[in-house]
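Take this structure, written in structure tokens, and hold onto it; I'll ask about it next.
Letters A, B, C, D and E name the chains as they come in the text, with residue numbers starting at 1 for each one.
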Amino acid sequence: MLTVSNLNQYYGGSHILRDLSFEVPTGKVTTLLGRNGVGKTTLLKTLMGLVPAKTGTVRFGEADLTRSPSHARVRAGIGYVPQGREIFPRLTVAENLEMGLAVKPASAQVPERIFEMFPVLRQMMKRRGGDLSGGQQQQLAIGRALAAGPKLLILDEPTEGIQPSIIKDIERAIRALAESGEMAILLVEQYYDFARSLADQYIVMERGEIVMRGEGKNMDADGVRERLSV
Amino acid sequence: MVRLLFLLALLARLAWSPACAALDPAQLARLGADDSDEKIAAIAALASADPEAVLPVFKALSEDALFVAGDKLVRLDGETYIDVATGKALAAPPDNAEAVSINNRVRRTLDAALAGLRLFASEREVRLTAAKDVSANASAEILPLLDKALAKEADPQIKQLLVLAQAKASLGSPDAAARLKAVKSLADSADPAVRQLLAAMLDKSSGSYAEPDEAVRIAAVASLTQIERRIAVGENLGRIFTGISLGSILLLAALGLAITYGVMGVINMAHGELLMVGAYTTWVVQGLFRSYAPQWLDAYVLAAIPLAFVVAALVGVAMERLVIRHLYGRPLETLLATWGLSLVLIQAARVIFGPQNQEVANPTWMSGGIELYAGAMLPLNRIAIIGFALFVLLIVWLMMQKTRLGMFVRAVTQNRPMAGCVGVPTRRIDTLAFAIGSGIAGLGGVALSQIANVGPDMGQGYIVDSFLVVVLGGVGQLAGAVWAALGLGIVTKFLEGWAGAVIAKILVLLFIIVFIQKRPQGLFALKGRFVEN
Amino acid sequence: MKVGTLEHADPTQREQWEDGAPTGRVMTPGELDLSHKVILYLEDITVSFDGFRALNALTLTIDAGELRCIIGPNGAGKTTMMDVITGKTRPDAGRAFFGQTMDLTRMREPEIAHAGIGRKFQKPTIFEQHTVFENLELAMKTDKRVWRSLLAQLTGEQRDRVAETLKRIRLTSEADRPAGLLSHGQKQWLEIGMLLMQEPRLLLLDEPVAGMTDEETERTAELFVSLAGEHSLMVVEHDMAFVKALGGKVTVLHEGSVLAEGDLETVQNDPRVIEVYLGR
Amino acid sequence: MRTPISLRLLTAMPRSGWIALALFALVAWVLVPVAHLALPEGHPLHVSDYFVTLTGKVLCYAVVAVAMDLIWGYAGILSLGHGLFFALGGYAFGMYLMRQIGRDGSYHADLPDFMVFLDWKELPWYWVGSDSFLWALVLVLVVPAAIAWVFGYFAFRSRIKGVYFSIITQALTYAAMLLFFRNETGFGGNNGFTDFKRILGYSITAPETRLVLFGLSALLLMCTLLLGRYLVTSKFGRVLAAIRDAESRVMFIGYNPLHYKLFIWTLSAVLCALAGALYVPQVGIINPGEMSPANSIEIAIWAAVGGRGTLIGPVLGAFTVSLAKSWFTVSFPEYWLFFLGLLFILVTLYLPEGLVGLWRRIRSTRDTTPAAPKAVAKAAHAPASTSTHSTPPDAAAAEGASA
Amino acid sequence: ADTIKVGILHSLSGTMAISETALKETALMAIEEINAKGGVLGKKLEPVVVDPASNWPLFAEKARQLLSKDKVAVTFGCWTSVSRKSVLPVYKELNGLLFYPVQYEGEELEKNVFYTGAAPNQQAIPAVEYLMSKDGGEAKRFVLLGTDYVYPRTTNKILRAFLKSKGVADADIMEEYTPFGHSDYQTIIAKIKKFASEGKKTAVVSTINGDSNVPFYKELGNAGLKATDVPVVAFSVGEEELRGVDTKPLVGHLAAWNYFQSIKNPTNAAFIKAYQGWAKKNNLPKADTVVTNDPMEATYIGIYMWKQAVEKAKSTDVDKVIATMGGQKFKAPSGFEVEMDPKNHHLHKPVFIGEVKADGQFNVVWKTKGPIKAQPWSPYIPGNDKKKDEPDSK
């Protein structure tokens, strides 16, 4: 379980994250919603150690990760699907997936499940990541994060650019991963329907602050959609 | 002419008279004289003495180890002084000993005498060298010697050399049949000197042909064409070889850069100095071997290889930790800082080792050359370097393409933050990769020490070429660097033969400029949609 | 607008392109010829990468003023098609015409842009070091030759146009910030704004609403619909709600060629489309 | 377009800039000459001829540094061959100076000494007219410009970028150096041109001549700065920066980067050539060593030390590095390379924006106000308005050296 | 002032540091010796060392600084001809005094310079004559191989004219140049081999300068071109340069100089001992193996001669010293008493030809009977007969 408390974050001088506190429990999907530019991606980057937290703590299970470098967080069991895919353009698809196993011993294999979810990856094993189409890259990014079997999966708008049928597959897969009870999932999503159908609990951000939170099933009732479109 | 007469006398006598036991003291005294003519006469006279007795004396003379001490002639054999006249070792080194010095003229006579004597040596290698020497200077006077040697010789290779020498020597024979035979057997030669001789037979400048016999002339024409073809083949082989050899050197100089720059994106202006570190390490290792293990001296290069890698890698680690680490993502700043580093390293070398070049000798197994073909002499050090380049290339390729480390390195350089986010300890990978690139540069330095200067400035001479190779090949493309290096090497060498070194170099540079117009991303351009963005 | 004229639209613009090896041989130098009401005409376009056919004899036409949606599975070749139209990728075979006369396969990128095709990339590409304002200024339709830029100064009218666009893309408050600091969605908007400033005849929009909230998606749809008619638009999206809001004709690409075409409803019910794209 | 260009030039720079420029002009044109000529040698304020020539030389370097920064800092084109244009300007003017020697050379011949010596019977065709000052000026401008233009045209047309461009410029200057080293080329081979006597009939060693050359160098520098300032604040400058950051995007909005790059590239080459032409009479020698790759790298280093992407930075850089070198080579002849090397390393590590960055930092700490957000807002503006800054980390790391 | 300042203008960094550093050391040593004996005119000499860093314009700048800022009485410096040419205008303008210690191409005679190295007739011409002699191997064909710059070009031009006068046909002369720093001599050595195999006895005259000598000799050794077949005589390779080469394969190749370390006489023994002591005392790198060479000797001679001239003139004034320099004599380490020509600013020097020995020293195989007078204007260059054998007086 990921526990974030009193997190503050600045870019230069502008206060981007204001005193955030929340939990991402194992076995559940936590969705984070918010309009463009409210700081969702910044929050995830802070969780990954890509930008240092100014104040506050990030704990994962027993460990305090607030000051750890990114790779230590991955080692602790966090998987990350960044916004904008960020695949390694000149590595082949196979190598990109192997990169997902960087914290595993060299003998580790890419789980078969990933190819079931994204068959196109198998077809394109030898192609360089940068040559894939946008949607294919997105699938690769998700596959890469899942390869090492993380205990916490962080996804930043994972459906962006993906064709509807595969979005459905992803939805099913996330559901299944959460229900297996071994994984905590933090999902940032603009696509409301998708977010709602997956959310066990939700968080809404506005200008760096959490302004709403609640059970996933109450999202409609709580008026989250309206809140997002003010 | 005088020299030739002496030669004749010496060789003739050697061939006919049985060996006599002791050396004539009068001749020995002349050997120690100041005048070259005296020395030459003495050598000629002594050459007919017992080979066992005279060989060591001649050897000593040719190695500056013969001394005049008062009225005695002594030679130095290892640590002991031996009285030449008596053949007995002296108890104490003579005071007032003065070396008998020789000049090239004396040395030529001496070499011929030595070669003649050595034709009958028991070691095959010695005879082989002697046969080569003899055949290079074969003339009618030494025919009897050759006959005698041929009669004794069993080794086919030496025999062949002697037969050729015999043929060469017989060209001047008054007997037309002998000449014909000689001309025919010389068809197997590829020696430009033979071509010269045959061409002279066909010379018609004095009205009639120099060679009176028509049949011999016809055979000479036939042989000449064969020889000329062979020489032409030899020349082209030689040129290709020199091209490949230059290419392998360019490659060794550039491989380290292909990693530090090509893969990691660090514009490492101190790359040349890493080569220098490798070369100085080689020199230091050589010095250590000379002092502490002279019997293993020939192996110093082998010992230098791992050491140069380690030392250069450590320098690389220091550079990375102290400077470059703070500059990732600011590639052009690395240019400035590494230029500074290169100045510091050069000056450090100058202060520690002095501004002069250091002497690095090829181990004996890398000295000299093998004659692939007459005219195409392949120096052993060049061959060794070509092999070494292949070896280093293989290592680099395996490391970058076949290991996880290589993959991590490539990933880190393509997307540093994301590499961290899949669990790669990016900083450690950076250091490691830079260390490896530097180590490879160190290996390049070992190779360079075998053919070029070892001095504080040596690296500066390679930096332009190294970058050219990496860039021409296509940044980050190992295969590209290989082709670029080889291509540049061969093109340069062919142009050089035709236009001279300076123009060739200018042409090659212009060629590169034009070539990049056609392939703006180098020979092995990265293709694909990600290139632009 | 004069149709079918051979006159050069803006004679001052010509010399700028008269360099370079593959001289953009505009078949008929002149204004965009829309005499057959077709603004974009792709015929049998084939593009392969190392033997893989990303586009396979693709044939497609877009009428002047039309708003066309292109959908299709990931990797169907949508982005590649846009690369061909904008001159970024040269097709191995086939023809591509802008209007009746301009052969796109022979024109260079800036020429194509100048002829009136604007593009928004799938991944937002903006000038990160420039401010939002400057991004729009650079994109503005003006004389883009060196001498003009050297002497250029923004007129009041031009300023107004930038301000107007800023408002439209809701980045007025960010006008003086370096564009690199914008969030993903803001960058998307900025890129659309730049496109608007260019006043192109044909807009190619590759997944313009990716990463936008639903509400913003709606607003974008409204914007595009309002642009149609005067401009022609080709929009690639995977968001069916958005496609629906746009309401134009839909073309489904699959494995490099057209699988189906028609209004959204027809296409959505096509079993092949459901199979390869929409899923069940 | 409505404001006259002269006025725009005026407004291109803030008032403090104009004041600084005026002060500089006062020093260069009034104080130095007076201190050199009027004060006796022993006087503490006397300016020696050593100082005048040294500073004159550095002023020329400063022009080159600014020219380099125009293409590197603002257009993102790193040339490692700018020494070539500098040298070509120097050679072009050197030809004139050689002809001005007249019959005063060691051979007392009409031809320059080295030609007499190599048995040339007449001037080669490319020397025709070199005895005319005006023609020399034409050569100074036209030859480097033409070479830069042709080279740039082909390079930019093929979209050669980043380090590929840098390396071929290096190859270019290297090839030129080898060419000029050859005696057959007709430019004095390795010795180049030296032993000049006169310029427009005035003795080249006269203090007045020196001061005029010094003043002209200062003038050239001021003009270069003004021109640079105008360019980078114009829309042209913004397009250039856009090309630097995303060339293909610029094409998609209809600019042709070729022309933009070509213009600034050629201009930069011409500025270098002018500096070279002023440099040669002041140092008294030009030879192919000026075209060596190391010299061109040093030019880039001036820009980087001072602060890339600013105009005053390169000037500071050229002064700091050259003067440091002059001083170190005398005070620590054995160790000066350590100091110079360390200077480069430390500047890069601790002053990522060069000396100008240091100055900015000092200034910003000085007027730090408690209102942090305000200061920050200002900082956020700074990179945009001055266009300094390197590429954002991720992009740059991935793209190697293409910035 | 209570000291006399003496400028030392040698590159301590860059490509020429290899050669020039030792000259700086020699100069400092000589100055120390002189000071130990009471200095000059009762004043100590104060060396001012600067580093022009192998950069020719920097030479000019440093020269100007030495003269106008430090006000040195005399400068010892320069190695390459181009560096000398670049400082010349400065010395003329400011009326300074320069001692140039390296063999060079001649074609120059300046009032402000004293040339203590060899002119072509004191090195190149005797060397080629030797090659043509019986002991030298009676060479009939010549390869003129050099670095592409003025010194080799000029020397070869003179040699070509000389060879022509000796009846050598143009077809029997091959001329080749390589750029500075050239490091790959494979092609050239193949060419030489071919040229040599085409007929008469061939010799190589090398004016390769600087770093290139190491790869050249390495290649020569490995390609099996022995001195007995094709001897190479070099004009710019001395003991110092050979320190960087494995000399075993080079035994028998030649060099022509006016001094060799191996020359045996008490003056030289003292000179060598002094320098070795100096090296140890100052912890020079590899102090135990330092060698002496011709330009070092020339530097040494120059300093002492200047001292004598100053003492004779009783002043360090440049014009006065120039006037008293002519006719100065000095017992040189070469074993001869060398004399400054009364008029032409060059030394009368003996010529030695040595063969390389395995230990990197030279075995003198030929020498002149005594010092010979320099001909800065080589008679083999047309028009030089009209030149005056003294500087233009202005």
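Quick note on the criterion: contacts are C-beta pairs under 8 Å (C-beta built on N, C-alpha and C of every residue); 3 or more make two chains touch, one makes a residue touch a chain.
Which protein is which chain? UniProt says A = Urea ABC transporter ATP-binding subunit UrtE; B = Urea ABC transporter permease subunit UrtB; C = Urea transport system ATP-binding protein; D = Urea ABC transporter permease subunit UrtC.
Computed from a predicted model, the values in this text were never measured in an experiment.
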Each chain counted as touching chain B and chain C at once: A, D
Chain separated most widely from chain C, comparing mean CA positions: E
Centrality ranking, top chain (CA atoms only): D
Rounded Å distance between chain C and chain D, as computed from the means of their C-alpha atoms: 43
Centroid distance [mean C-alpha coordinates] between chain E and chain B, Å: 29
Whole-Å gap separating chain A and chain E, where each centre is the average of the chain's CA atoms: 75
Distance from the mean Cα position of chain B to that of chain A, given in whole angstrom: 62
Two or more partner chains touched - positions in chain A: 89, 131
Where chain C touches two or more other chains at once, by residue number: 49, 88, 123, 125, 181
Chain D residues counted as touching two or more neighbouring chains: 157, 178, 181-182, 248, 334, 337, 380, 398
Residues of chain A touching chain B in the complex: 48-50, 69-71, 74-75, 80, 82, 86-91, 95, 98-100, 102-103, 106, 128-131, 144-145, 148
Contacting residues of chain B [partner chain E, same complex]: 36, 63-64, 101, 103-105, 107-108, 111, 136, 191-193, 196, 235, 238-239, 242, 245-246, 249, 346-347, 350-362, 367-369, 375, 377, 379-382, 450-458, 461, 493, 496-497, 500-502, 505
Touching residues on chain C, where the partner in the complex is chain D: 16-17, 19-21, 86, 88, 108-110, 113-114, 118-119, 125-131, 134, 137-139, 141, 144-146, 149-153, 155, 176-178, 180-181, 194, 198
Touching residues on chain D, where the partner in the complex is chain C: 1-3, 5, 8, 153, 157, 231, 234-236, 238-239, 241-242, 245-246, 248-260, 263, 380-381, 383-384, 387, 389, 392, 395
In the complex with chain A, residue positions of chain B that touch it: 404, 407-408, 410-411, 414-415, 417-427, 476, 526, 528-531
